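Only one structure is covered here, and it is reproduced in the block below.
In order of appearance the chains are A, B, C, D, E and F, and numbering begins at 1 in each one.
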Amino acid sequence: MITIITNRDLEAKNSERPDGRAYNELRPLKIEAGVLERADGSAYLEFGDNKVLAAVYGPREFHIRRFLKPNMAVLRCRYNMAPFSVEDRKRPGPDRRSLEISKLTSEALSPAVFLEKFPRSSIDVFIEVLQAEGGTRCAGITAASVALADAGIPMRDMVVACAAGKANGQVIMDLSEWEDKEGEADVPVAIMPRTGEITLLQMDGQLTKDEFEQALDLAKEGCMKISEEQKKAIKNRYGGD
Amino acid sequence: MQPIVPEITRESVTNLINEGKRADGRKLDQYREISLETGVIKKAEGSARVKIGNTQIMIGVKSQIGDPFPDTPNVGVFMTNSELLPMAAPNFEPGPPDERSVELSRVTDRGIREGKIIDLKKLALIPGKKVWMIFIDMHILDYDGNLLDAAALGAMAALMDAKIPTATVKDDEVVVDHENMQPLPLNEKTVMCTLAKIGNNLVLDPSLEEEGIMRARISIGVRSDGAICSMQKGGERPFEKEEILKAIDMAQEKTKELFEYLPKA
Amino acid sequence: MITIITNRDLEAKNSERPDGRAYNELRPLKIEAGVLERADGSAYLEFGDNKVLAAVYGPREFHIRRFLKPNMAVLRCRYNMAPFSVEDRKRPGPDRRSLEISKLTSEALSPAVFLEKFPRSSIDVFIEVLQAEGGTRCAGITAASVALADAGIPMRDMVVACAAGKANGQVIMDLSEWEDKEGEADVPVAIMPRTGEITLLQMDGQLTKDEFEQALDLAKEGCMKISEEQKKAIKNRYGGD
Amino acid sequence: MQPIVPEITRESVTNLINEGKRADGRKLDQYREISLETGVIKKAEGSARVKIGNTQIMIGVKSQIGDPFPDTPNVGVFMTNSELLPMAAPNFEPGPPDERSVELSRVTDRGIREGKIIDLKKLALIPGKKVWMIFIDMHILDYDGNLLDAAALGAMAALMDAKIPTATVKDDEVVVDHENMQPLPLNEKTVMCTLAKIGNNLVLDPSLEEEGIMRARISIGVRSDGAICSMQKGGERPFEKEEILKAIDMAQEKTKELFEYLPKA
Amino acid sequence: MITIITNRDLEAKNSERPDGRAYNELRPLKIEAGVLERADGSAYLEFGDNKVLAAVYGPREFHIRRFLKPNMAVLRCRYNMAPFSVEDRKRPGPDRRSLEISKLTSEALSPAVFLEKFPRSSIDVFIEVLQAEGGTRCAGITAASVALADAGIPMRDMVVACAAGKANGQVIMDLSEWEDKEGEADVPVAIMPRTGEITLLQMDGQLTKDEFEQALDLAKEGCMKISEEQKKAIKNRYGGD
Amino acid sequence: MQPIVPEITRESVTNLINEGKRADGRKLDQYREISLETGVIKKAEGSARVKIGNTQIMIGVKSQIGDPFPDTPNVGVFMTNSELLPMAAPNFEPGPPDERSVELSRVTDRGIREGKIIDLKKLALIPGKKVWMIFIDMHILDYDGNLLDAAALGAMAALMDAKIPTATVKDDEVVVDHENMQPLPLNEKTVMCTLAKIGNNLVLDPSLEEEGIMRARISIGVRSDGAICSMQKGGERPFEKEEILKAIDMAQEKTKELFEYLPKA
């Protein structure tokens, strides 16, 4: 049920990254689908030292009348960090960062889901970061897609996310926590891998347009690799080849 | 709060239990499968993932240096918190802890506190000014009944797993040495055993379905020396004294099994 | 309207308790029913230096649809401490302790009330601790029962509560604040006195099974004494013999 | 918020008042029965239980040492809080103070603060660093109209009842001596008098029913030296100037009666 | 669209007020109606260094069933201070002071509005203090009336507010921030200018009855002057003479 | 959250845009009228009122001395807050910031923070103990679309307008001299440019109506040296890579116009 990627051998070693990775090398990745009993769908993901759990409930009746949509389902997300997931204990409950990521995650996943099939319903996605080591919003989106698939929610594609950025003057794939904090720029990206369309895009730091384009390409390359692991996780859960 | 159980299920489950059997094939005094892993969260000072059946809790212990409570200036601070995550059950809502979550935290906390499990005096650094604060955070991931026993077992395991930095005091300043980690000062161990009253029977480790039909529940915290250190009745129907005494016997017997899951000190 | 118990003469003086009570001696107790105008039922209780007021509204229409029960009333409790009731001023509003006690109080009272007679309704019990001196949850339950009776709520029995515990190595009835804090164990108990059935039971501290049983018996003995005072308070309010 | 009063009741009460009579037999300028007890809560530094008719408030004064506000570093801190307890009326909800409760606290607070009742300078301990903080907490137990007058009377009584520890400063450390308690430093006394406008009449001390039909109300805080020290109009209809002036006359007259209930200094 | 009052020449200079005003002199005043696009009505007011914005929405459907009135509209007010409006940054969100002022503002405006024309509706008044310099509750009421008129809400009269008080032993009109803080008493007043009826009245400080009457008269005199400027603001917006 | 736009409006607006035209007569890459005033709030250290079309935001900068964050002890603190006031749109509710308001604050904050606009090191006073805290509060007065660009422009202007007291450190005490005010230490300038995708076109500075029908939006923060310093996609439909690159070109071009509105340094 567990898959490990170490694509360290895929590329030449021209790296000066602190953890020894090549510029276009992902951290080790494991994805497992169907890890919770109660949720309609779930997935557990380890990505480097990130440990993320995603669960899906729905489509189900949406009881907050003010927010329901008469012609489609509302995809709601709650991204949350466990108090013990970070160096200094985080106070429980939502903060501004998690509210923003929840909104972006919802927007990143919505384009792939056939929401119009479920009017007046909600599809609820819960993401719990159990351990954080840089890139948790991307890890959360990637895990949530697998959980949506595990829940049998009809989708156009399985959204996948990966960051790229710049650190030590080099444009690199999949920033670690250290590279995120100390680096020059961070570009989290989510795509629908079939079409390459972008459903999440943020940037902070300082980049030229060319550097940004390189980072975007690297992020999409990372997404494509991770996408394979998402599919394997679903296959491992449900069989088929 | 509890899922509503159809009357027919209530009857069939009760009838089965009256015959000494349970829907999932267990004996009345048998736990579901238990698994306990420690050291699963590197960023936490201590951690444990505990499963009892499909009920699953992730527990992290964090330490930080802070001010003592004014009325206990010479001992460390210890806090237990739990979150019934909305992922754990379809009817759990996000938001501040509700009364179930508060009860879960407080019962777990009392077992540890009143059982004198942690030597809080050793967590004082500068008396009246600086002490270690120990946080136990319990993240309920999957709710399939009997959170109390899972929480108590997992919290105990996470405490035993915890390593905190060595802190020394020089000239009224605290020096924290992350290179030299040391275990928490623990005096004892405690775990908890919950019995549900269904019909006129006591059944150990109620499943979600059994919780839905139980008349009442009694949870009993026991130390490894056999002392009872906490007890909590729940549910909207009464117990008779004899049932409580029987439950204590069962708890003192069954907690021996639970202690086996804890790391060897 | 006011009753005082000092059962100091009932037992031999073998006590070493700081307030001079025998091991099985209650603190002085007063209960008065019907002390508030607006509430449907109310009771005021002094127990040692505890001063507790309880009020009941209902059965009344329950307007929170999500929580109502189609086949019975919901008995809701709110246990609250006045800011001035304790040594160091308490911040107003509920805290974790009061939330837990509110839940336990509701569970302690519910078995005695014919809730099934009032579908879709709520019965609301409000307990205010005006002065706290150890044992307020038991005092609150005892007062609330009288308030329920004063409100004319049909009941199987009048629940009554009393703690026992262990201090200075001795198992004792009705712990004072000092004995609760400094003692070895505390066992709050509520019973329905007609059957002796237990509707509240907590324990913290360290006890052997034998000590626990002694404490439970002492608590029940205390309950039976207090129960007489509850009945007198109702009689004083409504006459009868 | 106010209970809705049927039109027929409104008319009959108004007609009665137009004839100079009230439903409960009082004169238009007459208080209901007042009772005031102090020293009822031993754990509070000062306390009072006040009843006006069936309206009942328990008030406690607590003191603690704390930091002054940055903009008033050399005077003590004084805070007034009230809780409209859900036990006090069928339509009071638990939760953070609503606007009625906030108005009640703030009007009571202003009467004391602006009337210079407490000598806040004497409550400074280490200027800019440590001062006495005095909390008045008003617990509304039973609501049968005219909370403002009951609150003002009870708060004044509780302040007069209060004894706080003697605090002295040695080497920039505050020494608090609980053996030697002393009264709060008070300059003056104040109470409040509320008149409701019903029809075109002013009636003193409106009952709950009268509050339900009143057009407006005016509350006037008076010091024992006769100075007006606070005023608050309430209600959704206007007053004329002459009505206000008449109300002041009545308040200055009637507060003399209220001062009689206070403890003799 | 902007009007300035400096009535410095209207009275003899017998003043010792720190800003040099006569005892019955208002601070400079500007009122402009219709300053916001989205709101149904709005007004901007500068009064001395006070800068206040008021906006009105409604009458509109009131979706909080518990508070709606079957026979009339509910006039709801929210008085709020911007974090940057005062010397020391104010934490965003309501505090006790703003809750009280919101209630009083609603009561001050309601007598003038034909609420009975709009059963089951709400009329929502929002007041934002952008800069505070003494007298913001009166400035808010004055601006809100203009915003209500701008929204076309039918009214008996246009409520207007002004404070008077006592400082340096003198009874004066329209206290500045300094006079409010350092002075002996403050008497904010709102009236309906056609009848002179009083819809807001507060007092704090220490006054004799005579002083209070002088202050009340001065406040009403200030109100009458400000009322003219309210009318001009509406005329400037809608023409007519 | 967005007002629902009738299908027929959606079609007509989209068709118009497909022809390179917009409902309000603008070109696809044209801003609405922009106005920017600074120094409008004397009580704030810096302030700006910005309008883009009818969208209007008042922004204030306040400074105070406080403690640094534990993980960045040697730099000043900088916080951005926004309130979507209920006066600004019929569907904005009072209450704590919702996710739109949080996104607005955070995107504005990141542009300034990650663009290294403020020299935060110069805002440290006593390393590890006392630093300047700079608050940017954005009060949304009128909402007619494209808050992000207005907020970024106004926040930058308010920072450039700000003067804070001179603070010096003597014997571990901070001395604040309000007589000598000085500008905030700024390294650079940044503004933001937002493009909406409607049909298959990118349109600059979407109006409220355009936001109601847009498929997605991309906001790009650009420094005056041309570097991209922040980016945020919004909306529930995807972008293609080419669209993003085209948007960057447009942003780098159009932000030059926006910089013209800022005060000259």
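The criterion applied here is as follows: a contact is a pair of C-beta atoms (placed from the backbone, for glycine too) under 8 Å apart; a residue touches a chain by one contact, two chains touch by 3 or more.
These numbers come from a predicted model, not from an experiment.
*Asks:* Quick one: which chains contact subunit C and subunit D both?
*Replies:* For subunit C paired with subunit D, there are no chains in contact with each.
*Asks:* Farthest chain from subunit A, going by the mean of C-alpha atoms per chain?
*Replies:* Of all chains, D has its centre farthest from that of subunit A.
*Asks:* Could you work out the angle of the rotation that brings the CA atoms of subunit C onto the matching CA atoms of subunit E, rounded to the nearest 5 degrees?
*Replies:* It works out to 120 degrees.
*Asks:* Express in whole angstrom the distance between the two chain centres, defined as the mean CA positions of subunit A and subunit E.
*Replies:* Centres of subunit A and subunit E (C-alpha means) sit 52 Å apart.
*Asks:* Cα centroid separation between subunit D and subunit F, in whole Å?
*Replies:* Here subunit D and subunit F have centroids separated by 47 Å.
*Asks:* Go ahead and note the Å separation of the Cα centroids belonging to subunit D and subunit E.
*Replies:* Result: the chain centres lie 27 Å from each other.
*Asks:* Can you give the whole-Å distance between the Cα centres of subunit E and subunit F?
*Replies:* Centre-to-centre distance between subunit E and subunit F: 32 Å.
*Asks:* Touching two or more other chains, which residues of subunit E qualify?
*Replies:* Within subunit E, residues 88 contact more than one other chain.
*Asks:* At least two other chains touched by the same residue of subunit D: list those residues.
*Replies:* There are none in subunit D.
*Asks:* What order do the chains sit in around the ring if I start at subunit A and move toward subunit F?
*Replies:* A, F, E, D, C, B
*Asks:* Give every residue of subunit F touching subunit A within the complex, in rising order.
*Replies:* 70-71, 97-100, 102-103, 105-106, 110, 113-116, 218, 223, 226-241, 244-245, 248-249, 252
*Asks:* For subunit F, which residues count as touching subunit E in their complex?
*Replies:* Subunit F reaches subunit E through residues 40-44, 47, 54, 56, 58, 60-62, 64, 81, 83, 85-90, 94, 96, 135, 137, 139, 141-144.
*Asks:* If you look only at subunit A, which of its residues touch subunit F in the complex?
*Replies:* 88, 96-97, 99-100, 102-104, 107, 110-111, 185, 187, 191-192, 195-209, 212-213, 216, 220
*Asks:* For subunit A, which residues count as touching subunit B in their complex?
*Replies:* 36-39, 42, 49, 51, 53, 55, 57, 60, 78, 80, 82-89, 92-94, 124, 126, 128, 130-133
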